[in-house]
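Below: one structure, written as structure tokens.
By letter and in written order, the chains are A, B, C and D; residue numbering begins at 1 in each of them.
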Amino acid sequence: MTLISAEEVAKHNTYQDCWVIIYDKVYNLSKFLPEHPGGVGVILEQAGKDSTIVFGRIHPQGIIQQYLPPDACLGLVDPATIIETSKPEIEQRREAIKNKPHLTEILNLYDFEAVASQILTKETYAFYSCAADDEISYRENHNAFHRIWLRPRVMRDVTHIDISTKILGYHSSFPLFISPTALGKLAHPLGEVVLTRAAHSHGIIQMVPNFASCSFDELTSARKEGQIQFFQLYINKNRDVTKKVVQAAQEKGCKAIFVTVDVPGLGNREKDARMKYVGALPDNQKGNDLELNRGASRLFSSLMDPSLNWNDIKWLRSITSLPIVIKGIQTSEDAILAAEYGCDGIMLSNHGGRQLDFAPSAIEILPEVIKSLKRLGLLDKVEVYIDGGIRRGTDIFKALALGAKAVGIGRPLLYAMSSYGQAGVERALQILKDEFETAMRLSGANTIADICPNMVDIRSLSNHTFTPKDYLFSNVYDRLSPRRSKL
Amino acid sequence: MTLISAEEVAKHNTYQDCWVIIYDKVYNLSKFLPEHPGGVGVILEQAGKDSTIVFGRIHPQGIIQQYLPPDACLGLVDPATIIETSKPEIEQRREAIKNKPHLTEILNLYDFEAVASQILTKETYAFYSCAADDEISYRENHNAFHRIWLRPRVMRDVTHIDISTKILGYHSSFPLFISPTALGKLAHPLGEVVLTRAAHSHGIIQMVPNFASCSFDELTSARKEGQIQFFQLYINKNRDVTKKVVQAAQEKGCKAIFVTVDVPGLGNREKDARMKYVGALPDNQKGNDLELNRGASRLFSSLMDPSLNWNDIKWLRSITSLPIVIKGIQTSEDAILAAEYGCDGIMLSNHGGRQLDFAPSAIEILPEVIKSLKRLGLLDKVEVYIDGGIRRGTDIFKALALGAKAVGIGRPLLYAMSSYGQAGVERALQILKDEFETAMRLSGANTIADICPNMVDIRSLSNHTFTPKDYLFSNVYDRLSPRRSKL
Amino acid sequence: MTLISAEEVAKHNTYQDCWVIIYDKVYNLSKFLPEHPGGVGVILEQAGKDSTIVFGRIHPQGIIQQYLPPDACLGLVDPATIIETSKPEIEQRREAIKNKPHLTEILNLYDFEAVASQILTKETYAFYSCAADDEISYRENHNAFHRIWLRPRVMRDVTHIDISTKILGYHSSFPLFISPTALGKLAHPLGEVVLTRAAHSHGIIQMVPNFASCSFDELTSARKEGQIQFFQLYINKNRDVTKKVVQAAQEKGCKAIFVTVDVPGLGNREKDARMKYVGALPDNQKGNDLELNRGASRLFSSLMDPSLNWNDIKWLRSITSLPIVIKGIQTSEDAILAAEYGCDGIMLSNHGGRQLDFAPSAIEILPEVIKSLKRLGLLDKVEVYIDGGIRRGTDIFKALALGAKAVGIGRPLLYAMSSYGQAGVERALQILKDEFETAMRLSGANTIADICPNMVDIRSLSNHTFTPKDYLFSNVYDRLSPRRSKL
Amino acid sequence: MTLISAEEVAKHNTYQDCWVIIYDKVYNLSKFLPEHPGGVGVILEQAGKDSTIVFGRIHPQGIIQQYLPPDACLGLVDPATIIETSKPEIEQRREAIKNKPHLTEILNLYDFEAVASQILTKETYAFYSCAADDEISYRENHNAFHRIWLRPRVMRDVTHIDISTKILGYHSSFPLFISPTALGKLAHPLGEVVLTRAAHSHGIIQMVPNFASCSFDELTSARKEGQIQFFQLYINKNRDVTKKVVQAAQEKGCKAIFVTVDVPGLGNREKDARMKYVGALPDNQKGNDLELNRGASRLFSSLMDPSLNWNDIKWLRSITSLPIVIKGIQTSEDAILAAEYGCDGIMLSNHGGRQLDFAPSAIEILPEVIKSLKRLGLLDKVEVYIDGGIRRGTDIFKALALGAKAVGIGRPLLYAMSSYGQAGVERALQILKDEFETAMRLSGANTIADICPNMVDIRSLSNHTFTPKDYLFSNVYDRLSPRRSKL
């Protein structure tokens, strides 16, 4: 194979002429560039550089062979010509890693996020933490819990607290499961398999992401004896692809299908989009060439089908015997439809605030959904779950008091995994379990069944008078100040 | 013509003795000064200086000949005596222009405003951004949207989203038109004609401002084949002037008259007024000589008639066959009157918060207006529009869900035009279109007609418990602090 | 007379041995100290010093002869021994005075306050601006206006706006009068007489303070032809004193008596109290010697009678034919009582927030008071006024829309007087008039009678969910922060 | 006894090998470590050091002999080898002590807290001030008072104000008692006995803490003639222990038993927990070794019985004739049960926000509790008290207006004691008395019985739209900012 110097590669760094190094090989991506499912921007940023690390964390092995023709590989990079560069940002992250707090010093889920924000690359942290538009819904997801107050009962014997429950009939040590998240290898080289292992340690259920950075096989193979996994499904434009995926999930032992329905198109996530403009831009762009701005999120949008509708649920029912749960319900009207279409569960979610800003938080709509289902006699037919904004044991307690069977949690576990790997995820889960048990004990509830609606006060839940701060608007507003003497 | 040195001109810089240079000619404005429609202050600031740039951006060509007697022109400035001065502020603006973000880096309307605030002169930015008194209504215009939450429907086939609509029967690619704004040449040398061109590119309607810095003919002539313009009208104290203006608008092909009714007098705009006191002041002023304080806004006040009333609408109806829309309605009572007086449309507006502080936002009163009109069977007779505070696609979605036919937008396009000209305005519009389409898709609405009231939650809309911060009051308040040990 | 050196005086600076210099004379105040109506603290601060300026601004001339025995005067200070000292604080205030903005640069009442806070001594500013406890009511007085929104009517001929009204039958150019305030000489050497003159210039009514720093005769003598004054009354423990004062007020031509009823004891005003501990303290004090802490406010407390009750109104009625107004009503219950006891007016007030923290603002209770009086048919018998928190023309407009006949204003005029004397007060009043006229014009009201309840939206007025920030509590709270890597 | 050098002791500083110096003796605690009721962490922090001060402040004398076998004592530390070290933190605290404000400069309870935060060790301040989770309930306890407004009545003769009352039939000069708090010796070397003495000076009742740092005998012996003490009881897992304690309380003259029922387990208090990780950690810990993190709070948890229930009240009734009050009721349901079980009083409390975050404040639930008891005719049978968040006289006034018989206060007195000892506590109580008397006088209430529900406005009390700021969430949130030119 030809040896090519790193200096030579560095010259090919434009839209028209784009080379990159991956696993020591030099590829010419000029032709592939416009077809990249993840968008042009993410590749252009790597143009002329060694993108092994970035590439490897996102893509499963072997994908190059699938997408690129053999002649795209120009040769091997000459190892002698590679210059290690050390950017201040990298230095800072190294320091952060070196000085990270001991895991026992981590007392709550915010600590994990604070450390992760120092240790992850700016791009990864932006991708994980980003949300739609002004991130109002993202913050509302958490804030809504703060408008719910507790009504603790005392003088009940709470010596023995049992926090275990059943989800779709399967035992779980805790009414919480791991929600699917993408690009886990950006947080940890082993990717989502770390979550699988931690889920096993804690006896909880993992929902296997449709677009994990580990392959589906890796994730199901990592499952231990007796461990339960559910499968998150994005319905592909090509229903045959979906059919294969669903049947594989069933064969590989997943116990339920969670169909994500809140992504008929991708939300506007600006933190992520901003990350893509650090490097050079092609010269020929115009004012309304908006396509470049999408960041890592763009990767997935082409895979989702905007035509998805209730008939697809009938079809899905016809190809699998697994329980079907709709993930992304945001109104009581749709909750009723889901039950009427024979679904086994409903997951109230606004996709972590990443899709439509001002979509309500799951916890806010939960009481209305439960009430509607109960009124129509449908509550026995579906289980209701929520996700979004959960950071404390009391949040989980509130969700259960309002009728949720269980809650999902996503980002916080990625943050825990980023800095502390499996031990971090395990500690995060332990913290939540301890906090939840404390909430039960101090509220006078010994079992999950004891947690009831009159243990919470939701009178202010739907009051949106005070909304999360609008930082962009506030930042550009020029504040009035009085005229003073100049001193 | 006599040559006069710049040094000589500089000496004549007082209220009693005021010379200025305009297009290389030296004028003695001492007599004209008290009669200047724009107020004494704005001229005094230029006394003794070359005011060509400031003058040229505000006034149409040929206006000097209309207002000044020939002997006011004293001669030509001696070009050899002109000294270029470079103030730090100018330097800073030049740097800002040089380093402005690439247009593709602009992701939302706030980015445009942030850049414009660096690039415009302090005076221009103050004039554009200013609002009445404590600017509570200005900020409430935006904040009110944040008290409205969405109710997104899922599982609807949203492959094909159509965001086009009709306004007064005319096709628009988007339920948004360009609201009239004044002094566009302060943002861009070509003035409002830039907006005309961008409106054409995007297939949307422009409302031609009555007091544009481009002449009416320039703006209507810039119209392309098939492009629609409406005309904003201020009713002049002299109705003959108004009659001519209206008939010209009709002849030049404007398709509707929007009568501005919320300016019987000018609001108190302090940011603008503060700008006028940088320079020297006449010696003879007293404590209650308030007339000087009005800034650029003053320019227009003399042209508006405080006697305007509903009989004028009857008269207007008699002189034009164009649809008549009342712009500046702020109560359901007046909305009903407008409909009863046979108007074709109602534009709810508090003039961007520039007139009466604590006037409600258009979006807040919209539901009440729609309800009142519907109750009286008047909703079929009038279209309802709103403006004020719109910055995101979801804002437009909310307005339409509550019954607005379309929304107007003003300041953000001036900001886009300031730094990026026509391409900037086009991108701003594209961003709004994309955001709006995303809001439709993620809410399950394929067409404008699908956007319905139960897609929004307005339970907190009229709750004013939490108001925009009162910066002046807060700034002068001396905060309590506890007594501590001094260390 | 003996000459005494300033150095010698300086040695007598304790509780037991306290000398001061007043108008060049040296007095031994050791015996008088415990009896000083203004408290021990204020004198101790001056012990050993020349207190002429401080003394002169608070006390009328000749008061020394009334209170001190002749032998308290020890002699004259030796002028040769006086050393002018220049403290940094004084320097800073001089700079502030030198550089104060030109009066035409003052655009609103906050500007006056901002300048006054730089120009007044710390002690005076603290005395003027202070309020009770955490100053919640003080700020609420203003904030409550922000929970009232306007409902502006358009298309009414508003060419001629008349802002004049009648108060107790007397013409006023503006529905605003000057509320009584104490210690005016701290703001301006001429004291409250400045306000008398400005009131005349503007054709408005002044309420003469019972405890002015000018004498009652000075203030009534300053009245011009046709000018109206009301008299503020504190009922003295000795009713004979009160009787004389009331009859003097009537004889000197005051047209109404405003009985202050909200000071049966003094509020806890900490800004003022803190000022008194800069200097040395007597040695013998103990932990619960709270009496020292009262500051300038203490001056007045001994003069007010806590036994004041409704029978005193009957008695007052018997000794004067002037209209009687109760100042300091804070509930509808007491408003009804006042009307039933035959009062001619009710002034809703919480004493500028200086008495009881969490007392409601006058503007909040106004609608309830008007409603109660109307229900009992008493509204024709009494006029209702309010004060507290008024800073803008829209505030006055709101008060009138809710049923107030007029409003009072206090502190802002002291601030205007501090830096700009009579011209400042006149400008402050002109600003308010202009703002108020603008509010009327833009709301479609031509006369005071046109201002009606449906021009305001008070749905959020009594919502106290969001309270003024509690600075002391907030300042001592140790905020949680997450654990991070140390970098 | 063997002499051991301090250097030698310093080497034994690990989990496996842990020596400490207490009162000049060297102890090997390696075996005792895992059994320490206060947790491993607090001892490990002292490993290898002289812990006399820390130990002595927490433990009663003689406790070493109770818990340690004789051979745990290895010898005496060689005095010659002790090196005094002076850490910057200690220096800073010394400065703070030296420069603390004179007691007469302390005007309110916040001043005491501000000074205490400078003077106490970080550990002690964290232990005193800490609360559960995000400390929302802790701050809500205070904030809830701010949602209650007053309705002051005027024109009532308030010459003679009597603030005295009866609590369980015992005279108290003031409707306030001293709540029990732990570890008082951390604030003052004499411990809680200081509070006993101050309570006597002021004629108020002290509740003797079950876990005081002074012994029970010390506290009851410090009682003066006629002084009243109540006893706080934690029910021990071993009821025989409880029985002895209760009978001792009765014998020693305590007049009531307050059973604490809100600690079936310990709350999650992170400020306290964070303090414990300054020093080294054992090597063998894993991710879910959460037991180490508990801080000083851990000390008590093992002593409380989670099985506590209403039957225990029946039993308690059978072993003592003293009045029984339940401390820690948080719902009207439990208030009714307490009354039905024959308790003599109910203390509404969320344990100063230290147990369950989002537990409601006592003041919020008070009206509902009073209403429920009244409805069932139970209000005559029980007295109701509250604690939590009281900092001002108006807070006490509000509680009484809403039906509380008296209020308890805890932390503020510890802060007062920290810096000023008994005189500080006395002044703190005097400030509260003065503020309360002022509130009564200015509200028109002469006696406690005059304070009635219509003197307060509670319409916003249960509105939780605006919650205390969530500092951890807010701190990790990465705020959006617009794109600007780089200058």
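Please note the rule applied: a residue touches a chain if its C-beta (ideal position, glycine included) is under 8 Å from a C-beta of that chain, and two chains touch if they have at least 3 such contacts.
Chains and their UniProt names: A, B, C, D = L-lactate dehydrogenase (cytochrome).
As the structure is a prediction and not an experimental result, all values here were calculated from the model.
Counting the residue numbers used at the interface between chain B and chain C, under half appear in both copies, so the two copies meet with largely different residues. Repeating the A-B interface with over half of its contact pairs identical by residue number, the matching pair from A-C, B-D or A-D is A-D. Here the spacing of chain C and chain D, counted between their Cα centres, is 42 Å. The distance from the centre of chain A to the centre of chain C, with each centre set as the mean of the Cα atoms, comes to 59 Å.
Annotation for chain B: residues touching 2 or more other chains are 105, 107-108, 110, 113-114, 134, 270, 274, 463, 465-466, 472, 475-476, 482-483. Across the interface of their complex, chain C is touched by residues 133-134, 136, 261-262, 264-265, 267-268, 270, 273-274, 277, 281, 285-290, 292-293, 306-310, 312-313, 326, 328-331, 333-334, 337, 350, 355-360, 462-467, 470, 472-473, 475-483 of chain B. Remark: chain C residues 92, 95-101, 105-108, 110-111, 113-115, 118-119, 465-466, 482-487 touch chain A in the complex. Here chain A touches chain D in the complex through residues 102-105, 107-108, 110, 113-114, 117, 125, 129, 134-135, 139, 142-143, 146-159, 270-271, 274, 391-392, 394, 398, 420, 423-424, 426-427, 430-431, 434-435, 438-439, 441-443, 457, 459-460, 463, 465-466, 471-472, 475-476, going by the rule given at the top.
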